[in-house]
Amino acid sequence: MTTTAPARPDVAELLRRAGDLVRRELEPLEPTLLQRGFRAVLPQLQAARRRARELGLWTPHLPPEHGGLGLSLAEFAPLSEALGRSPLGLYACNCQAPDVGNMEILLAHGTDEQRERFLAPLLRGEVRSCFAMTEPEHAGSNPVWMSTTAVEEGDDFVLNGHKWFASSADGAAFAVVMAITDPEHENPYRRASQILVPTDAPGFRRVRNIPVMGDVGEDYFSHAEILLEDCRVPKANLLGARGEGFAIAQERLGPGRIHHCMRWIGICERAFEMTCERAASRQLAPGKPLASRQVIQHWIAESRARIHASRLMVLDAARRIDRRGSRAARLEISMIKFFVADTLTQVLDRAIQVHGALGLTDDTLLSFWSRHERAAHVYDGADEVHKTVVARMALKPYGVDVRL
Amino acid sequence: MTTTAPARPDVAELLRRAGDLVRRELEPLEPTLLQRGFRAVLPQLQAARRRARELGLWTPHLPPEHGGLGLSLAEFAPLSEALGRSPLGLYACNCQAPDVGNMEILLAHGTDEQRERFLAPLLRGEVRSCFAMTEPEHAGSNPVWMSTTAVEEGDDFVLNGHKWFASSADGAAFAVVMAITDPEHENPYRRASQILVPTDAPGFRRVRNIPVMGDVGEDYFSHAEILLEDCRVPKANLLGARGEGFAIAQERLGPGRIHHCMRWIGICERAFEMTCERAASRQLAPGKPLASRQVIQHWIAESRARIHASRLMVLDAARRIDRRGSRAARLEISMIKFFVADTLTQVLDRAIQVHGALGLTDDTLLSFWSRHERAAHVYDGADEVHKTVVARMALKPYGVDVRL
Amino acid sequence: MTTTAPARPDVAELLRRAGDLVRRELEPLEPTLLQRGFRAVLPQLQAARRRARELGLWTPHLPPEHGGLGLSLAEFAPLSEALGRSPLGLYACNCQAPDVGNMEILLAHGTDEQRERFLAPLLRGEVRSCFAMTEPEHAGSNPVWMSTTAVEEGDDFVLNGHKWFASSADGAAFAVVMAITDPEHENPYRRASQILVPTDAPGFRRVRNIPVMGDVGEDYFSHAEILLEDCRVPKANLLGARGEGFAIAQERLGPGRIHHCMRWIGICERAFEMTCERAASRQLAPGKPLASRQVIQHWIAESRARIHASRLMVLDAARRIDRRGSRAARLEISMIKFFVADTLTQVLDRAIQVHGALGLTDDTLLSFWSRHERAAHVYDGADEVHKTVVARMALKPYGVDVRL
Amino acid sequence: MTTTAPARPDVAELLRRAGDLVRRELEPLEPTLLQRGFRAVLPQLQAARRRARELGLWTPHLPPEHGGLGLSLAEFAPLSEALGRSPLGLYACNCQAPDVGNMEILLAHGTDEQRERFLAPLLRGEVRSCFAMTEPEHAGSNPVWMSTTAVEEGDDFVLNGHKWFASSADGAAFAVVMAITDPEHENPYRRASQILVPTDAPGFRRVRNIPVMGDVGEDYFSHAEILLEDCRVPKANLLGARGEGFAIAQERLGPGRIHHCMRWIGICERAFEMTCERAASRQLAPGKPLASRQVIQHWIAESRARIHASRLMVLDAARRIDRRGSRAARLEISMIKFFVADTLTQVLDRAIQVHGALGLTDDTLLSFWSRHERAAHVYDGADEVHKTVVARMALKPYGVDVRL
């Protein structure tokens, strides 16, 4: 479908194009996004998506045969950072979560029919999708504890359950739903499966978009609560093998985490620039900018060092995944998940403080990000879970079995 | 007007009543407040205000001759904490910012006519007011740098200027506006005056409620941007002496800061209880609550100690103000302003983390407070300003003149 | 022995005298202490002790009938702080750890004979003592896990075991030794007893003074490793009832912790003053002192606030102990133990950084304290243990049983 | 002298050899070093140096023509880390500070005669040297403010001044002394020169080894205070051009800083391993190791991530120096200087806490390092100076001129 894409340019050229796209097409949309929400920018964002295609930036993470650029993860990292500088960047290039993860598992596990029906329109950017795993009744740190069930009835699965934080479900064409299909399996990690559920399937009910940190959200920028009430889909909608739900979720989460971290670096850089810009231009008294204050200077230095450390760690993890697969990079992935999240929180918080009252308003991106990305410490494994993973690996050679 | 108030009970009894008021009248309103905003709870809140009067909790900070309880600040502190446990608590007792500060300066500086016209309905809870000092073009850390002017024309002042973060201006009957009346005065601290401006005065324009941390706000819960365009008020609306605007602002800010700190302790206690409650009830696996995790336990211990330290510091500052006046307590006030703000931020952030995904939603008070109280580090003097004040006082005996 | 002590003056007067004692008698000894060690100042320190007696500052923590001033703990706190400003202050007044704790348990549990033989010379300052509880083989956080035994043989106890961190054993006349006397008791908290062991008893061997943070120590300033090898003492040396060893240790530790915290406040104040003095006098360039740097100013402000918070917490804990006993103040004691230790570490570390290279040398008290007081986070319950205690008490009302 | 060195093996092989050297030759010496000091291990250390030569690890940082391995800085980094795991590692391979810096400036600026007389025996490991720049009267953050003078008299320079923290002066054959030779030069950065001063020159007086953090030090492990009293050396001892003293000092400091950082990574790794080992083996109760505590696990995870970040940053800086020179890497060097110093302090402090009372003793390397490396935040530019450097570079594009 994307055979017209230009031959892949080098990464530096891609970064230049991505920078242009963000500056020219997306930054002008940000004030409207902040004031009036996602739907208000959607028409112009569609135009920006067309421009992204022309620039050869469409689904850059995918192999060429699926319309992508065949970038390694380490090559994709700086591109993702460049796009992450705007809340609209990754969406413009159709490499936004949660679709990017769904594309990957459909590519890896989808049947031909599933690819045709679910993946193809996703790759073309005609539809969006969501992923429904988390349940309000169960702690995310225990991924095998789940109540949603999918029971076989004739040619169908009948799903019942309660999900939430299904990001971007509002407006999505389908959900990938994790449900218990084999409750009696002796191995708790083999009890769940992933099932493709169109959002217009009978019994699929989006209860609400959950208001999160002051934003009820809409369309792509939203997190839904979902009820599955005798929701019926054909057995052919089983994605991957039965009982492989947990394994596929893990397969999806590993790269998903690094995708978030890459994006966070972009946010950090933009917030850092805003900080410097504000410190230089805000006058405490005529001729005496905020940047003349040593405490502000040291915040800037500390942020600079933290962002630099974070970027190097993300690149290092990406290279390891490229070479040895995401399973071999579990240590690196868990380290960046909590380390970069801390960087993000600190950089944004100091950017806000440097902006003073303005930083508190929704007139800049800082409040938007500080609220939307507070979740960085929670989703895809809370900081505490990843620290435990790292400790587990560090202590194993000493004969200690750290339980997650 | 409040001669029917019961004889003042002791503080323990007041705290009991305040606790009842919060639990019975206000907590039930909180879900509606969170979901539908301030106006949606206003009718019931008026009923709660009547109940507060019956309980003898009305304007408790004021002397009995003005309808209050004649509490010292140190006596008011635990009451303020008890009320601060709900976002509606202080409002229910008519001792909410910014009205409480305006009451104080009207009592201290108002003419009989001003007291009759502006103060009396405020004390009766019939109207609300706001305070318009901050300007978007000037850093708050330099309070003598201001552009708004009030020029005499005949019997009037004509005001022109641009203010923002005038909290609760939406729905207020009048504003206390700080404006330059004597631009040529050699002492920059004597150039401004405070002027009472009805919000329906010609030329007073509330441009918007500023969206702050995801909340555009409404009515009492709002922060307005205001334009004064040839806004005309009688000279008789000058509050206090001409040129005393800075002095009155300082007089208002000193106790204002401790009022915020008292309230923050209440927020911390409520968030702390929510943390313990959640940690105890959230199951990581059947029979294994979150509270069994040592990291959570230590967060709880650290929060307990920080809150305890904060409360003791606030009480100590209150006692010093009671005995020697707020000017003599500048050191104590500056210390609590940044120390308690840090406590608040840390306690709320950990409460959110313990609540996991739920903590991110607007279904609990935690997101509300974490967003609304981020401003604690900025308003009434940013943390950095108060640290400089403390350093200035510490270094003075050593012959060092720290400039603010 | 202390019938000649003057009638007890008020606390302000005591503080004045203590300040004089420290400034005139003790500060002049500090350079020698730092350069040549404790024994080098001992003769002059004995003179200072005589002066302390004359000033009515001797054993101020004790009731008048035992030669003390009958101060409440809350009255003693500021005195202890004043004395804590010098490493020699508490010793000069014979209220130094570990003797102060031994005095207390001898007063509470000693037989007449024990009081005559062990306590009386201690109160007169003729001898010193030590406390031998900790064992290198067992974690201090599990106080009932202990290997040292005391077995009855005829009229004697025969002790065997290995102790360390017996502070001030070098030069002590006797040790209070905790040993298992009833290994089969079903209650592990009833297995140990406290036994008075003269250091010249056969089989009592001080192996070495343990080098701690660069200081092998000597005499009072030392921490010994001790072997008990068939060490024989009369049964009459049992202190308190058999099996009460754990209870007596706890009784000793509670107030012991607050004694340390009081002293730390004194150290913090002195280090804070040194910081201001250095910042004011150290020139970065001619006429531009270090104190002109905003980062230094903010350290000073943060230290000021932390010390203030710590002092208030210590006083609050002292008042609670005075009113309700140390058992009722477990929460407050555990909170100050870790909170004030953090304050101490932070204040000292920043004082060192402000002093630059000089701060690293042993030419000032800062290195001495930073090294000697690193133990604050470890002894009498590590920070982690006290945090667990606080969490245990906070979570109990929610039905959670936190295990220590 | 080094023509017999084996052909340079690859870095992995060098690391293997360095690991062997440390484990087999140096770790066994550490207990003696800790208990009895540097001189006590010197004979065995000389043997270890011979072994290092045999292993082809001698002066590995130097080009082959000077007896080194011709390693790039990025190749040297992991080797330096491997050697840094022991306090004796870099010394054993003759690549220890301050000699390594003196070798570099002698190579770059020495005359043939200077190389023959001063450099050659240094390269052979027959002598040691020191660097005398810092003066107690002047803040290190202002490197052009200096009192030591060198005045021409006939064929000699006559030096007068007061230096301190001349590391390893005790036992050194010569010092590189920075002194003002051109006090009237209009450019303050051109007033000083570097002069080679044999320690037996008349008027060169080592006043004392400064006791630093509890250690008076001796021989290589020492920091001297030095008086130059009409100290006379031939003009031929001028190192580099007259007036180039500041430039040479900077040239020496840039790589010097990264050498320290590399070494610190080695310390961190060793301390981290000790932490895991202790956590795994220390029993809180029978069968329940310290490593089962979640707080300890999270410390381990946080240390792991910080060390990883630090190593990546150091490697990144080394690569940049290799490619573009140390001047082009000022940003990277300043960032690692304060970031890695923080890592070091945190990792060591937690290692001590995990070791409990044992961690406080001088029986392990932890106390040694924690005391000796506190200086990491001070020497070669305090943290605060490097933060200002980073801020200066970040704010320059915004038109702000941050003064150092």
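A, B, C and D are the chain letters, set down in written order, and residue numbers restart from 1 in every chain.
The rule is simple: contacts are C-beta pairs under 8 Å (C-beta built on N, C-alpha and C of every residue); 3 or more make two chains touch, one makes a residue touch a chain.
These figures come from a predicted structure and were not determined experimentally.
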item	value
Third chains touching both chain D and chain C	A, B
Contact-richer chain pair (by C-beta pairs counted) among B-D and B-C	B-C
Approximate Å spacing (C-alpha centroids) for the pair chain B, chain D	54
CA centroid of chain A to CA centroid of chain B, Å	38
Centroid distance [mean C-alpha coordinates] between chain C and chain B, Å	44
Shared interface positions of chain B, touching two or more other chains	293-295, 298, 384
List of chain B residues in touch with chain A within their complex	35, 134, 136, 139-142, 145, 164-165, 210-216, 282-285, 290, 293, 295, 352-353, 356-363, 367, 370-371, 374-375, 377-379, 382-384
Partner chain B, residues of chain C touching it in the complex	272, 276-277, 279-281, 289, 291-292, 294, 297-298, 300-302, 304-306, 308-310, 312-313, 316, 331-332, 334-335, 338-339, 384, 386-392, 394-395, 397-400, 402
Of chain B, residues touching chain D in the complex	293-295, 298
